[in-house]
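Heads up, the next two complexes both have chain A, just with different partners, chain B and then chain C.
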Partner chain A sequence: MRRILSTVRDGRGFDIVLVGVPFAFLFALAGLPLIYNILMSFQEVDMFSLGSFIRPFVGIDNYVALFRQPETWPILTNTLIFVVGSIAGQFVIGFGLALFFWTNFPGASWLRGLFLVSWVMPGLVVGAIWNWILSGDFGVLNFFLRESGLIEGNIFWRSDPIFSLWAVVIANIWLGTSFNMILLSVGLSAIPGDLYEAAEMDGANGWQRFWTITLPMMRSTIGAIIALGLIFTLQQFDLFAAITDGGPNNSSNVAQYWAWDLSFRQYDFGRGATISVIMTVFVMFAAAVYVRSTRHEVRG
Partner chain B sequence: MSETARNRLMLAIALIMAAIYLFPLYWMYVTSLKSGSEMFANPPSFWPSSAQWQTFAFVWESRNMGRYLWNSTVIAFGSVALIAVLGTGCAYVLARYRNVWVDVGLFLILMLQVLPASLMVTPIFVGFTQVGLLDYPRLAVILAIAAKSMPFFVVLVRATFMAVPMELEEAALVDGNSRVGAFFNIVLPLARNGILVSAILIFMQAFGEFVYSKSMIQDVSLQPASVGLNSFMGPNTSEWNNIMAYATMYVTPILAIFVLLQRRIVSGLTSGALK
Partner chain C sequence: MTQQIELSGVNKYYGAYHALRDINLSIPKGAFVALVGPSGCGKSTLLRSLAGLETISSGDLVIAGERMNDMPPRKRDLAMVFQSYALYPHMTVEQNLTYSLRIKGVKKAEAKKAAEEVAAITGLSDLLHRYPRELSGGQRQRVAMSRAIIRHPKAFLFDEPLSNLDAALRVHMRKEIRALHDRLGATSVYVTHDQVEAMTMADHVVIMRAGVIEQQGRPLDLYDRPANRFVAGFIGSPAMNFIPARTSDDGTSLILDLPGAPVLAMDLDLPPGHAVSVGIRPEHLSLATADMPGFNVPVAAIESTGAATFVTTETTPEIVLVLNGRSTVSAGETIHLTFEPKNIHVFDAGSDQRIEVGTVLTQAKTAS
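And now, the complex of A and B:
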């Protein structure tokens, strides 16, 4: 007993306690739910069987029934559009801003940091603000678009099935652009400056320097940021809750919102768990890409 | 073009871009000050003709905001405390050693960091129901947030510990400190700033958390401000000035903390997220 106490105070035991307790905690509250999720996706779980551990085992029925539902494929397509649209917008605007602020004038780093307010705000507040901006008759975005002559009549962003998904994409681009920009700025500042001096002496113009130096040097950073973008976009939930609520008629519904909707509005926990399992596989894949592209730094 | 002229021009363009980017925030503040009729004016006014300051008091009273914000604060502080106590030691060990076990641990941490809350909430909710944790809904939410955000905290704080020279700790051990003593007297004080910044980031995230609170807290008197805002925004609402006043009161403290500590938060974030 005394030996155990002394190793905890002054030896290997100290490290094991420090790392063991958090991992036990994480296993209980993230690992176990993950396994439990897979189990539930093979069971029938509703309001009545919620409290019991023994539930009817239905094999892959949940999966089969899920893909027979007419709304499944449209929602998965929406998820893909949401992910690709958001990442493309965030990345392109973020990269543009990062390149601009890279020219390093006085005040650049302070102003650049200020952009990050979009990222630290609660998602629901961001959603509320964009809900109001995107409002059909009185929204200020429609006003700007009308004034600049881009549209004739008002676009009903939230209630028109054609635009409802894009309403959330716009809000999500705003939310995530600053984070992309900050990380891209870090990558840019790590490129050694003499590369550019050498290229300039060889007569390369700005465009050529961008394609032959900046982009190749940023390859691993860009990989990491796109993977992170995929992870963050698949986590986005608050904006859907605050702007369109998945509607009208599922036209702006995505898998991660649908999973919650099935569980907590339709009380079909088994099916909610089924979508969760499918999406978790995707997220894990993105995470593996992210870890791979930051591997060098992780191993120090 | 001279250097100063170029700098001024760049600064001016940067300010315009920042103004465009931060317009939604401005629109929130302006709308919260407008009257019910001015809000729907066409063309919209970009400066309130007569600022309606009483909206704030009205919304605070009628929406019971004090209670909502108190709940948000309780949840955020609870999560941060739990994460800091468990996560700091974990980050220290993962920063101190380099072997295959540390690699495995880091890999697991990074994998757990990415699980979306809206997917994890189903099994967590069912599990918590079965073990009876949902009788203490705020505690349940704190536990769920802690599991969700701790990996991020560990990654950030580990980067801080990497910057603390190992020689200092070794010197303390040679001088007769125990491992516990060296950790608390030498290493922890040196990493204090990084830990604080990471804790503030986690606090801001937990303060705005929505999915877990919405799903697990049924009792209105225990719900945080994010859920309160969600129930304020019905499908056909027209009280946008009141909603924006709510959002203003909710978000301004977070923005104030962020602007004050901006430099540290940004550098803490960038050191951890990519390295």
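And now, the complex of A and C:
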């Protein structure tokens, strides 16, 4: 006992305790639910069996049934459009803003700080504000599009099946741009200035410097941002709840919202869990990319 | 000889701060010019202005006969070796070397061949596929040099390239850079704060202080005839000793303000009682036997490097002298010093400018 105590105080035991505490925490609050979720996807779960652990095992029936549903593929396609559209928009606008503030004009850092405002706003509030902006009859977005002659009549962003998904994408781009901008700004400022001077002396013009110095030096930052963006967009839920509720007729429904709908509105917990498992696979892929890109640092 | 770089009346302002003041400098083709001075003297600003990384506020900057004042760096055809080396970390050594060629659109095979040729000169042949992070400091330095060489530029600009290396490697690279310069027949401008580097490497040394060129010329000319007290104190290690002095009442000799020091008889064109500063280098002072003319000073400290002994005297101002080899002198002792009168320098106490003197004679008699 004394030996154990002394190794905890100043030996390997202390290291094990340090690692063990967060590990136990992670296992209890992330690992167990994950395993439980995977387990549920192979069981038949309803309101009555929810409380018990032993439930009828159905093998891959949940998966088979899920992919037989007519709405499954459209919803997965929506998810893909939502993820790609959001990440592309957030990244391009965020990178543009980061490059803009990088020029370091007077007040640049102050103004950049203001952009973080979108970050402190709860998703539901953001959704409510975008509801007003996107509103078909009196929305300010329609007003600007109409006045600038881009559209003839009003677009009913939230209730038109063609536009409903894009309404959420637009709001999500707004929500995630500042996060992208901040991370990319950090990446940009970490590039030593003398590399640009050396490249300039070597005859590279601005465009060539961007492609041969800035982009390759930002590789790990960009990889991390895209991976994090994938995770954040796959967990985006508030905006769907606030703006379209997945409708009309699933036209703006995505996997994460559908999983919640199946589990907590239709009480088909088995299928809800099945969708979660499918999403987990994608997120793990993103996590692997993220870990790889942060490990692959080229600075030195 | 054709002038490769010519600066006339160049000024540079940062807001109200006057960083370069009326710089006039001609660099002939093939010359190795060192810009030297204490930190903040403007030597790096001058080099960066040549490179085009800074724009000059007024004056003319001509490179190979073409006025370059407003030309961006990439069109000046100068190569620069940075203090930090500024190697592209995401490129291999070969890619670093060929970067400028690839930007120019040189064919891949041709660029590769050029890289191999340069690498053979600088001894990097085995390292072409390494990344900068896998190289030692000295190797990185070579890559930075090779990246400049491969371009055959109009001139090489060096910004304190050796300051990140250890002392032994620095001495070695000094010779190597100079040998490379001679071999390539290049024109080089070399910024350093180390006067030894400047003196040993350059054909022409430019000494700067506070944005002004204090003096320029051949290294030994600067050593032998410093134009002012600043240059006199800057060139030479350990630094020159300065002893306050004034002209005698009859104006024919200098009386040093140092107890026991000799009176120096000379041709002077100065009024009686005029204050001056007499400079004498530590290596020009020597020990004398008691019967020779000289003066007595007490010793405060002894430092020996084995090859030389540095003696500091217990006087105001203190005097440093260098003796070859080892010495039996110890602290607290009184020593008898002498010097060749031709080795002294006289500077005006007010303007710090050099005063030319005729033949100097030391008199045996000591001042009272």
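Rule of thumb we're sticking to: the second predicted complex is superposed on the first by the 272 of 300 C-alpha atoms of A that agree within 3 Å, B and C clash if a C-alpha of one lies under 4 Å from a C-alpha of the other, contacts with A are read in each partner's own complex, and residues count from 1 in each chain.
Rule of thumb we're sticking to: contacts are C-beta pairs under 8 Å (C-beta built on N, C-alpha and C of every residue); 3 or more make two chains touch, one makes a residue touch a chain.
Keep in mind it's a predicted model, so treat the numbers as computed, not measured.
Trainee: Which partner does A:234 contact after superposing on A: first (chain B), second (chain C), both, neither?
Mentor: first
Trainee: When the two structures are laid over each other on chain A, which of chain B and chain C touches more residues of chain A?
Mentor: Looking at chain B versus chain C, the one contacting more residues of chain A is B.
Trainee: So, does A:92 touch the first partner chain B, the second partner chain C, both, or neither?
Mentor: Neither chain B nor chain C is touched by A:92.
Trainee: Touch test for A:219: chain B only (first), chain C only (second), both, or neither?
Mentor: The answer is second: A:219 touches chain C but not chain B.
Trainee: Touching A:60 in the superposition: chain B (first), chain C (second), both, neither?
Mentor: neither
Trainee: Tell me which partner A:202 touches in the superposition: chain B (first), chain C (second), both or neither.
Mentor: Second partner only, chain C.
Trainee: Tell me which partner A:122 touches in the superposition: chain B (first), chain C (second), both or neither.
Mentor: first
Trainee: Just to be sure I read the superposition right, which of the two partners does A:194 touch: chain B = first, chain C = second, or both, or neither?
Mentor: second
Trainee: Output check: A:151 vs chain B and chain C. Expected answer is one of first, second, both, neither. What do you get?
Mentor: A:151 sits against neither chain B nor chain C.
Trainee: Across the two complexes, what residues of chain A are contacted by chain B and by chain C?
Mentor: Chain A residues touching both partners: 298-300.
Trainee: For chain C, which residues are in contact with chain A within the complex?
Mentor: 51-53, 72-74, 78-80, 82, 84, 86-90, 99-100, 103-104, 131-133, 147, 151
Trainee: Quick one: in the complex, what on chain A touches chain C?
Mentor: Touch list, chain A to chain C: 192, 194-195, 197-205, 208, 212-213, 216-217, 219, 298-300.
Trainee: State the interface residues of chain A toward chain B in the complex, per the touch definition above.
Mentor: Residue list for chain A touching chain B: 9-11, 14-15, 17-19, 21-23, 25-26, 29-34, 36-37, 40, 45, 50-51, 53, 97, 100-101, 103, 105-118, 120-126, 128-133, 135, 137-138, 140, 143, 147, 174, 177-178, 182-183, 185-187, 221, 224, 228, 231, 234-235, 237-238, 241-242, 245, 256-257, 259-260, 263-264, 269, 272-273, 275-276, 279-280, 283-284, 286-288, 290-291, 294, 297-300.
Trainee: Going by the contact rule at the top, pick out the chain B residues touching chain A in the complex.
Mentor: Result: residues 6-7, 10-11, 13-15, 17-18, 21-22, 24-25, 27-28, 31, 39-40, 42-44, 86-87, 89-90, 92-94, 96-98, 103, 105-127, 129-130, 143-144, 146-148, 150-151, 154, 162, 178-180, 183, 201, 204, 207-211, 214-215, 226, 229-230, 233, 235, 240, 243-244, 247, 250-251, 254-255, 258-259, 262-263, 265-266, 269-270, 273-275 of chain B touch chain A.
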